[in-house]
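Each of the next two complexes has chain A plus one more chain, namely chain B in the first and chain C in the second.
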Partner chain A sequence: MNAPMCDDVIQAVPSQEQGLTRRQAIAAGGGIIAGCVMGLGYKAGGRSGDGQLALRPPGALVGDGFLSACIRCGQCVQACPYDTLRLFDLTAGIQAGTPTFTAATNPCWLCQGYDSLKCIDACPTNALSAIDNPVDVRIGLAVINESSCLAYNRTMCRACWHACPYPNQAIVYDDMLRPVVNAEACTGCGLCEHGCPMETKAITIKPLTIVKTSSARRST
Partner chain B sequence: MTRRAPLTNHRQPWYRKWVLWRRLTATIFLTLLILAQFAWFPWFTGTTSGTNILGVVPIIDPLAAIELLVASHSMPTTIILGAGILILAALLLGPIFCGFICPLGLVLDLNQTVRRVFRKRVLRKTNRIAATNAVPEWSRYALLGILIGFALVTSIPLFQALSPINLFVRALVMGSLSGLVVVGGIMVLEWFVPRVWCRALCPLGACYSIMGQKAIWRVRINPETAGQIRCEQCQIRCPMGIQIMSGYTLPGHESITHPSCIRCGDCIDVCPNSVLGLRLRPFPTDKKTQIDPDVHLPVIQSASKEDVHCSLNKHLA
Partner chain C sequence: MDNSRREFIKTSAMASVATVAAGGSSAVAEKLKEAPADSSVQWTKSVCRFCGTGCGVMIGHNGNQIVALRGDPGHPTTKGLVCAKSLFLPKIVHSKDRLKVPMLRKDGKFVPISWDDAMELMADKFAKAIKKHGPDSVAYYGSGQAMSEESYLCNRLFKGGIGTNNVEGNPRLCMASAVGGYVSTFGKDEPMGCYDDIWAANTIFLVGSNTAECHPVIFDQILAAKQAKRSLNIMVLDPRKSPVVSAARVHLNPIPGYDLAVLHSMAHCIIRDGRHDEEFIGKNCQFKIVKDGKPINVGLDGYIKFLEDFTPERAEMVSGVPAEKIEEAAKLFTYGPTMSIWTMGLNQRTRGVWANNLMHNLHLITGNIGKPGATPFSMTGQPNACGGVRDTGSLCHILPYGRLVKKEDHRKQMEKLWGSKPGIIKSKPGLHTVAMFRALGEDKIKAMVMLTTNPGQSMPNLHPVRDAIGKPRKDKPFIVVLDSYPTRTTEIADLVLPAAMWSEKTGVFGMSERRYQIHPQVKKAPGMARSDFDIMLEFAGRLEDKGAVKKGYIKGKFKTTDDVWDEMRLASRDTPYDFMGITRERLYKERGLRWPCPTEDHPGTARRFVKGDDPTLDSGKYADHTLAKGDVKFYAAPNQRAVVWLRPALGPAEPTDKEYPFVLSTGRVLEHWHTGTMTMKAEELRRAYPHCFIEMNPKDAREMNVRSGDMIKITSRRGEARIRARVVDMPRPGMVFVPWHWEDKDSLINFVCTDAFDPGSKQPEFKICAVKLEKI
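Moving on to the complex of A and B:
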């Protein structure tokens, strides 16, 4: 069969949208309102505290401030010379793509042997703010579980003290030669947790937000 | 059916020029991102939301910058510089990120090619626009609005966390493989609704479409050849579902002004009459050869390229 010829004239086609139309503007505006409503619903669901449980890289804004300032680019992960950092994956929900680390398996080595903290250098936003001296890093606070710690159970153990980058400042001995964490100096790097010989670590890094609320609770 | 002789004045090369170009650039970009996870290649770090070239030039996704501004009310110089580069590129060249760089776009593009070949070879169906318009085109602008509204209230840049583009790149670069589930889901969905992500859902694409509206690098129409064959190949192929032939290449248009156009060049590659071209300046117009819209010309509504060639031969004979 031949192709249809001239009698088959193209139908008038509805004119194409030239540039951004009112419909798209309405869609965007309606979307903003819908997004606000969804956001309020999300807040009402009480899920806003999600970002406070993970250990973040040095210099990270505390709590949810980090979640809003981090654009999830992963440059801190690639900059880390010790391969400490990793990104949360999809299962972490809104935290997906934010950096974290597990102190027990690979702690933050505070860029020992380097002149600056590489993750902070790499961060394009203010999510990781500048820290001149690794002493000032406050990732979390080491907390000793006195019931499982060897030194508190009549066994000689100095593993955390040896692992600590600031021994006698961050971890000090009491008069019974048991380790005590000095909250003023502890960077929360997790080297002590990494060095702890116990299977379930007797010294663990707790995020600052948790430590603060629990100590406040205890004092009241 | 006998095989027809090929068209004599068919000036296209055997390969699809723009398809080749854009797959090449997207592959290079993705390869560089993947290589950056090795210590010996420190010059191209990051993912799609934020990249750093040579440790000096920051490249920041404009939507990430907008969400960051809305969510954390901060705008560091790096962000302004990095997003500025891309915004400037989009203002001049249009949404080229979508066509030429986006790694997810590359995957979905290949996915679509596989689908097309499968339908042609196995199901023996021609590729029609069919279900392309199942999801309205404006829904991506609505999604863009939702993301900004959400960031405004909750201070969370949701798209940076959950965007399939970022999830895909993170899966390849950082090894968080669970994101591939979302990408796989989109690929399956697109076998039923072709290119639905890029066309109707991607808020980043909407962002680039808004910025690239007045771009000078666009698909322009050659008035000397436009409207002669009316084979509809361009609009059948257009991944963004733009009615190229019925909306633009009939007389009266100089270029495709639809904001959705991602400069992928598919329409240019399939056009049997060299009507379209990605150009910075309009095609030179020569009044003498301009087509008279009243002249009756063959109208072909068949999707087969051979039919097009046949009728074009007849028309030229």
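Moving on to the complex of A and C:
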């Protein structure tokens, strides 16, 4: 379950770029750099070229369908009122220009405080299909790592339960008041992952394409 | 050898970098944190800084750095459990926001001043006020988070030195009603039971207590007890479906403020079904009602007659709790032993004392007291409200260890022990908290010191309180605040003194079950910060020099908190609090001790008022050798019988109406604590709650077309706040719930709360006020 998400790989690129000294940069020349970056991007894209590992906005078509329906216009990113969404850059290969987000730093707030899901409203194609009620959003599934979760390790903590937009439905308690994810109701918004106080998050959002094939039960 | 030398050079180089970098950039701090990766981490036994549970913790420290904290597995009650708050204490202590230099407000701006100037100014302002306007023109506002020794010293200084009873503290906001309940029913304050009772109980009745979040470690024990014993019944009385309800067999959810009828109705059902304990009542109880301001004995028959009005059906009409649920709760209550646990839901009320009395009534009529697992238990919200403020008598009407200012012999005892001028302690109680801040607003108080508390955020009806503290005006009262962090109070103070905090000073915390535990100093305070004890000791000395306090009253008597502790033990001698046997050495060695503990070989007392357990019944003026082991005797009550009070079931001070149709209750969440000055310093905890929220029932939300995340304007007769909605089936319809940890002024809910207070305990009604909501 610890497969690196594609955006983790991509985030590493700019820091490498910063690592070059001025002289090196000049010597290498812009074209070469671009070539290297593209190469890296090809590699990253190759690892997740089908988009299976990225978290997508609400209503996204599953798998390759999304990649072909998304016209890379970026309107969903502009519409996002919480600045959650961002676009994959050039280094992401075939995914470049498609929207994604990182739950740990800025989760999908399900357009709390707005009448509708703004990214879906903005989408000119059917890459993001209409969802009437945010409760029906299925971005991914929250998975608790019981070996690092405080609540499972003799320390009282319920941050994820509190952060969850549907407490007692998507995250419920077991008889020791430890959090348990209810796969039927979890929207995969990532608010729990964002709220988790652990440095290495003990609850993380896994894309549906992964958890579907794993032991997690899920009806969709 | 080589290694250590290299290490040394590395560390000192980094230390010099740190000194150069003004304030130390975070990158440097990160490096410093990584640097000492050697095995010289020491572990010291201590106690958690947060709620009244009193969890035993082990602090891992290396030099001046606390590197880790874990639960103390050897602790007798908490057994190594801690909550998320506790875990982040090292980060909180090392926060870069700590106050480091004394600061004085000059022309509206804070400027740093030297300690000497600061102390001289503070003493001068107080001495002048006392000289010109009399001792009652100064006041002290303390805290259930200060160490016992600090509260005791300040109480000693103000009541026996300066000669004013204007000594208050934030426990007035959190547990004064519990004190009133215990004192009026049993004659002396503090619970008689202990945490061990959780494991022996067959029924646990949680009343107005979200134990799962506010005392999480205790609730974990309740759940563990339930797992060990499946027959354990958990009942909950709370208008909000808080997380404890998920474990409960019965949930009574009254309309906020109308639970007194439910408690009376439970007593009605118990007696109607003949489930009361007549033998216990005959031996240990008396029945009283207040008529024309005087208590009158009525006897059991009078009580039964009084309860006739409280049939479950009538209680349902008043409280909204279904009659069959009341019947079931009454039945389960008699499946003893029964332990009741309550906190702010009963205490923060204008009928707080009465509600406390009614809880005791249920226990008294069923004989559920004094046996293992059977006790009425009020939990505290602060680590040292019991040991530090209630026990040391640091409130306006009491003196140390169960003494009262209005009793002449009590005053004389304290004057003698303290070496005060005879007759200096006034017989009239001073100003209670709400009255104190009102007097401050009217400029009747000229100088005031506040320590380890944040009234600029925690007081109800904040607008007049903040004006009283900070509004610029002619001859404005001089406000001194001692704190470790910048708060909503320091921002409006005149003089801010940087204080050492937990683990930077040595002192005793006394938690809910009467256990006194020591928390030792393991590191130095940052910058120029000093402990509150040090500051107040020097302040007392300077007051003596200026003639405001008798010479030699405090100066020269105490060097460290250890010296104060020895005097405190003497003060407790021959009272039911007697802890002569709890010496400093024992506190360091053992994991806290429960008073009474009169001798050094006494193991401490699990249950008070029980022969064989409570040493007070074995010797001294309350000794009774006719009792058999296990017999209960309420020795401190009038006629040595506990009082079953017949209290009218009145509602809240501010009921809802057409204009203000919702009830507002304030409360807490697990990961944060009170005004958040500490827990918000840990980024991890802050991220768990990025902003304040107002919980609304889905039914109300639908009617108002509100969804989670919508901005709600919440308005009462006193103020308003703007908070994001969280639609969840937790508060009952017609009620909203807001936690009060966030300090941004937009969402500060205490602007909205009412400062109506209980006429007996003077505790304000944080839990109930009428508001209107508006989606914006």
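Keep in mind that, in the parts below, the second predicted complex is superposed on the first by the 166 of 220 C-alpha atoms of A that agree within 3 Å, B and C clash if a C-alpha of one lies under 4 Å from a C-alpha of the other, contacts with A are read in each partner's own complex, and residues count from 1 in each chain.
The working rule: contacts are C-beta pairs under 8 Å (C-beta built on N, C-alpha and C of every residue); 3 or more make two chains touch, one makes a residue touch a chain.
All values derive from a computational prediction rather than experimental measurement.
A.B. asks: Which partner does A:Cys73 reach: the first (chain B), the second (chain C), both, or neither?
C.D. replies: A:Cys73 contacts chain B only, not chain C.
A.B. asks: Between chain B (first) and chain C (second), which does A:Gln112 come into contact with in this model arrangement: first, second, both, or neither?
C.D. replies: Only chain C; A:Gln112 stays clear of chain B.
A.B. asks: Considering only touches as defined above, state whether A:Pro165 meets chain B (first), chain C (second), both or neither.
C.D. replies: In the superposition, A:Pro165 touches chain C alone.
A.B. asks: With both complexes overlaid on chain A, does A:Ala122 touch chain B (first), chain C (second), both or neither?
C.D. replies: A:Ala122 contacts chain B only, not chain C.
A.B. asks: I want to verify the contact counts: of chain B and chain C, which reaches more residues of chain A?
C.D. replies: After superposition, B is the partner touching more of chain A.
A.B. asks: So which positions on chain A get touched by both chain B and chain C?
C.D. replies: Common to the two interfaces on chain A: nothing.
A.B. asks: Across the complex, what residues on chain A touch chain C?
C.D. replies: So the residues of chain A touching chain C come out as 109-114, 150, 154-159, 161-163, 165, 167-168, 173, 175-177, 194-199.
A.B. asks: Which of the residues in chain A come into contact with chain B in the complex?
C.D. replies: 3-6, 8-10, 13, 15-20, 23-40, 42-43, 48, 64-65, 67-75, 77-79, 86-91, 93-98, 122, 124-126
A.B. asks: Using the touch definition from the top, list the residues of chain C that touch chain A in their complex.
C.D. replies: Residues 71, 80-84, 86-88, 212-213, 216-217, 219-220, 223-224, 226-227, 243, 246-247, 669-671, 682, 684-685, 687-689, 707-711, 724, 728-729.
A.B. asks: Which residues of chain B touch chain A once you look at their complex with the stated criterion?
C.D. replies: Result: residues 36-37, 45-47, 49-52, 58, 60-61, 64, 67-68, 71-72, 74, 76, 78-79, 82, 137-139, 141-158, 160-162, 166-167, 170, 173-174, 176-179, 181-182, 206, 209-210, 213, 230, 242-243, 246-248, 250, 257-259, 296-302, 307, 310-311, 314 of chain B touch chain A.
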